[in-house]
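Structures are listed in the sections that come next.
Two complexes are shown next, each including subunit A; its partner changes from subunit B in the first to subunit C in the second.
After this line comes the complex of A and B, so read on.
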């Protein structure tokens, strides 16, 4: 299988630490289940050791600003 | 960029995103503005406009996006028109393509790939061709003439030497190539073959006219080289993005994204396909989101409708990939998964939804827009979700 993380379409995926996560959720005043989802077996997560329930921080090159940071909840 | 530190200070102090800040700098430079006061005014004004143009809380962004994509959509060509375009490859365009994208069809009507090559292959036409033959499916009719000899119950293939040399550029011996071909036939059809020179012959085990024709049929389908799904590959010389140089790029008819990325010589970091599901499978949900935006924008731009703001398409792509996989917009996807019975019934197949809801005893919380429009109550958006009290003074202490 090809390494998806090498492809230019794939932004960087990192695991968010629990303490940091609380701050983020507080900032937006949401629950973690309100976040967009990402499957545990998503090819872009091959280098990330993620379990269902973890939150992934994604740093996209944005078309409207410089970089956009989004979070996805790992499911299944 | 030559701006003074003071100017930098006032510009950096604004809420503007990086891109706009840079634009402010370049305009200040261009106009030769060097005094801080003026620069500050410019920056303030830009910031004011920026803040003004942001979406207000409770703005119905989805509805605005729907209108903004829907209106130009009415101007698009209704017919798929296949044309011998720049790449000489037929691609579905216009409205049918847009529909295909938001419906998230499993395979597009005309799957295609843009295959970028590693530097050593991308600058040399012969080496680029090596990759072409690894990708394009080679079937027997491309290699030579097939004839049936009914008297001897034999299928005989007269291979074309030139074609063989061209399609197996890395193999020197003609014999090896012919051997390779007859072995493929033997393993695929389960018959014994005899070959001499460039002629390969074989026949059915028992003399039977039907079996003989059957063998010819099956022979036509065998893929000797390349990937079965890809029927044609075109080489084009294209500009490298952001550079003055050119390189060879392959365009394919048919797609097999995962397989192609693993082929030697293919640049697995830039190659893409118009099949968003394959992108999802191979590269994940984020890459699929990116491709949805690119494909929808390209489809609109191709029809001269590129003044649709990219944010609307980003919203569409965000919603389609919200669940960690690609969902279509429509009855089987986003709209069909709505919580509210009335909202679903209002979209498509009204009776089925109402019937199912009645059977399962569902209730409707009346949270959304559609439900409230149906029952004639104010919607919880925009001014419908705030209460204003006129003339009330702020609590003094």
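After this line comes the complex of A and C, so read on.
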């Protein structure tokens, strides 16, 4: 099987810790269900030990801002 | 019923309606299928009962006391003689039948399963996903059970025959039961049992009677076939004889059975399926009472001959009532079950088509003339339906549409409005002390003299029409506080639009210039954003009707605010076609002009004084084209870029030092100079620049004269010979390739067959001909050839077009391949079968100028047709794609915190476009969006060189926030800009 996380176009996926998550949710004034979603079995989450309900932080390379940060809620 | 004041809507519940609510809502029961009696009066409790609302003007509604127009109409109802399934819910009915027990109506899930699905439903709601997926999954799970986990009843498969028939696939007693029992009693094999495997003991009727507990006489009756055993007896016999007496049979479920079934589904079970039993009990999907829409929803029209013509819905309701009555009569008369069932089906059909007349598998109900009836669903659905046709889009007042034509003397912000349009479209002016005299003047001019008025409104709310007769008199009466609907005048703001409105710039605000004649006039530089030309295009104009709208249009929608396109972040408005040829002629070889000529070139611009001359010859002064062009550039503009012509354009401090100004300089779609002025100065400055470039370019092109004719595409004999030689060589090469191929010596390219390889090589060889011809052609054409000027400057056409006109048209293709269609094994009967030669497959060696041979002409038409078909298909496909995309994206909105969210407040982007920047506010420089070095330099220069004076000046220039509201402000605003 190809390891998608190795591909240069696949950005870094990290688990967000609960304490940090509160801050993020507060910052945007949202519930975690308002975040974009990612499937638990997404190939990019291969190295991340994520359960449904966790939040993933994705650091994408951006042409205009260097890095763009996106959060996603893990779902079944 | 009293008149109610409008209320704020705090919430809306969607659900099914309880039949009791229908009855409560209803103002009358409708029992008569007839509409009017012989005297033309509506029949009481008929479909046109006056209590259902009034449509005739002047009558008073007996229900609400209002008159036609304000009476909303009132529902009636029909009591259906038998329940009928609502077609809109046929799928849901099927699901419920499959997922619940046929005996106890409970959901066929164990309590653990129920719990799981409840959890899943909760999660789905939380995530905002589609709840019906959970319902579907739950039903799928429940359907697997063949026994009810609650009451143990055996479950049968439900077959759904569209649209509204349901069957239980059940085991029933086969008709062959006497034979089967007899055979089994003798110990023989029955049905398709293998006789060797059977070890059935023979049994006498006595034994059987003992075993089953059925009386012997009954057994004998059963054996003789005169009595069909009841299910419990059948089971006993089956057990005793170990024989299967059943066969599959379809047992039709009547709507009333289904209704009973649904009635006893417990509320808790519905919750698992995502059904809120407070608002939607499933049995309400089976109609027992039919609401009759008010007459206002189905008005009848009186034809010219005085005959009344009823609405389609009324016709349908008549059918329903008729069948309903027949059904009742037949049932009371004790008609046979078969007839009752037929009538029931008929009633179902009429109620179904009343809701939706386009159901597959059901013949649509038709009008007497054969036209299918337009019933409820047809009124709502589709492009012309209530939603897309009447609510999202409707016809509006204060709009005008006419043909457009060009007017280069207008500013790009302006639009020429025909006087007859200006007299029809009005603007409301509130009379104050300051504008009273003006208002009186408008009124006294009357409705037919241009700056006039059509209506006045007194403070008491009374609207008076201004007529030729009363205008003088009325003008005297106009006082402060009145409102005057005056004609459009120069400087008013209006909205202008050309369909298809594919992007933001398809709708822009323009300032009115009232003009004679019948067309809208626009500056040719605004053609690109509208994608307009003047071959008969029409455009729409909308006069704005309140001050907020006018202010918004001025500040946000005016053409000059749309110079930069968010589509690619560069200007979409700029020089086009002849403007580009003009600036090219003016700047390419940098010609000189004497004073008269120079002033003439600049006369349509603001420049009224010439700069220092570039050269003085004796006592005659000369100015170069670049110097004159520089007059239009703002001070302090520094630029360096490569032009479309290929030379480097250098602009220093608002002076064009060198280079050609062409499409890449001032053109629409990313002309660097326009783009830079727009971003570094202001939109107002950019607008002035574009206007003036257009004006200067027109003067320039007229100065030099620019025309093109057939002789401009003719090439000398030696060039023709060269091209002919290239063609001959290519033909030889093709012959050679074919020979190699036919000898079987052609080596195939990887992944291709030999014949494909041959085709590719031939295409390659012939493609080269056109390229070579292009080179030859361009060698023989001078740089002053108008076609070359246009191609080089980017004004119109390309070198390829020129090659085809002068040299050789080249290979014609269909779907990227040489032309292969037509007769069997050949394209035309003029060629031998399987001729692979160039001319047999659409190579056109003639040029457009020399003319095509008949065969070439045919091939050219073939590939020309493909082009036409392609564009036609593309526009329709992309139109639909665009519609879907827009519908999907329309609810997304950038919030004040920079996130992009949909209406559910879920986040789509954490920062607009990942960088939070507008495409039009970013520099078009490829290397760096922000030129840090440039900014640092200018700051340092300012700080240390002249004590900050330049810096302050620059800051002042760049932060020019004066709102430029109108073309008329130019005189004031312009002073600070240069």
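General remarks:
Heads up, the rule we're going with is that the second predicted complex is superposed on the first by the 76 of 76 C-alpha atoms of A that agree within 3 Å, B and C clash if a C-alpha of one lies under 4 Å from a C-alpha of the other, contacts with A are read in each partner's own complex, and residues count from 1 in each chain.
In the analysis below, a contact is a pair of C-beta atoms (placed from the backbone, for glycine too) under 8 Å apart; a residue touches a chain by one contact, two chains touch by 3 or more.
From a predicted model like this one, the values you see are computed outputs, not experimental measurements.
In the superposed pair of complexes, A:28 makes contact with subunit C only, with no contact to subunit B.
Comparing subunit B with subunit C, more residues of subunit A are touched by B. Of the two partner chains, subunit C is the only one that A:69 touches; subunit B does not reach it. Applying the stated contact rule after C-alpha superposition, one finds that A:60 touches each of subunit B and subunit C.
Touch criterion met: A:36 reaches subunit B and subunit C at once. Common to the subunit B and subunit C contact sets on subunit A are residues 36-37, 60, 64-65, 75. Residue ranges of subunit C in contact with subunit A, taken from their complex: 126-128, 897, 899, 901, 904-908, 910-911, 913-917, 922, 929. Interface residues of subunit A facing subunit C in the complex, by the touch rule stated above, are 28-30, 33-37, 60, 62, 64-65, 68-71, 75.
Looking at the complex, you find that subunit B touches subunit A at residues 17-19, 258, 261-262, 268-270, 272, 279, 281-287, 290-291, 293, 310-311, 314, 318, 321-325.
Listed in rising order, the residues of subunit A touching subunit B in the complex are 1-4, 6-11, 13, 36-39, 42-45, 58, 60, 63-66, 72, 75.
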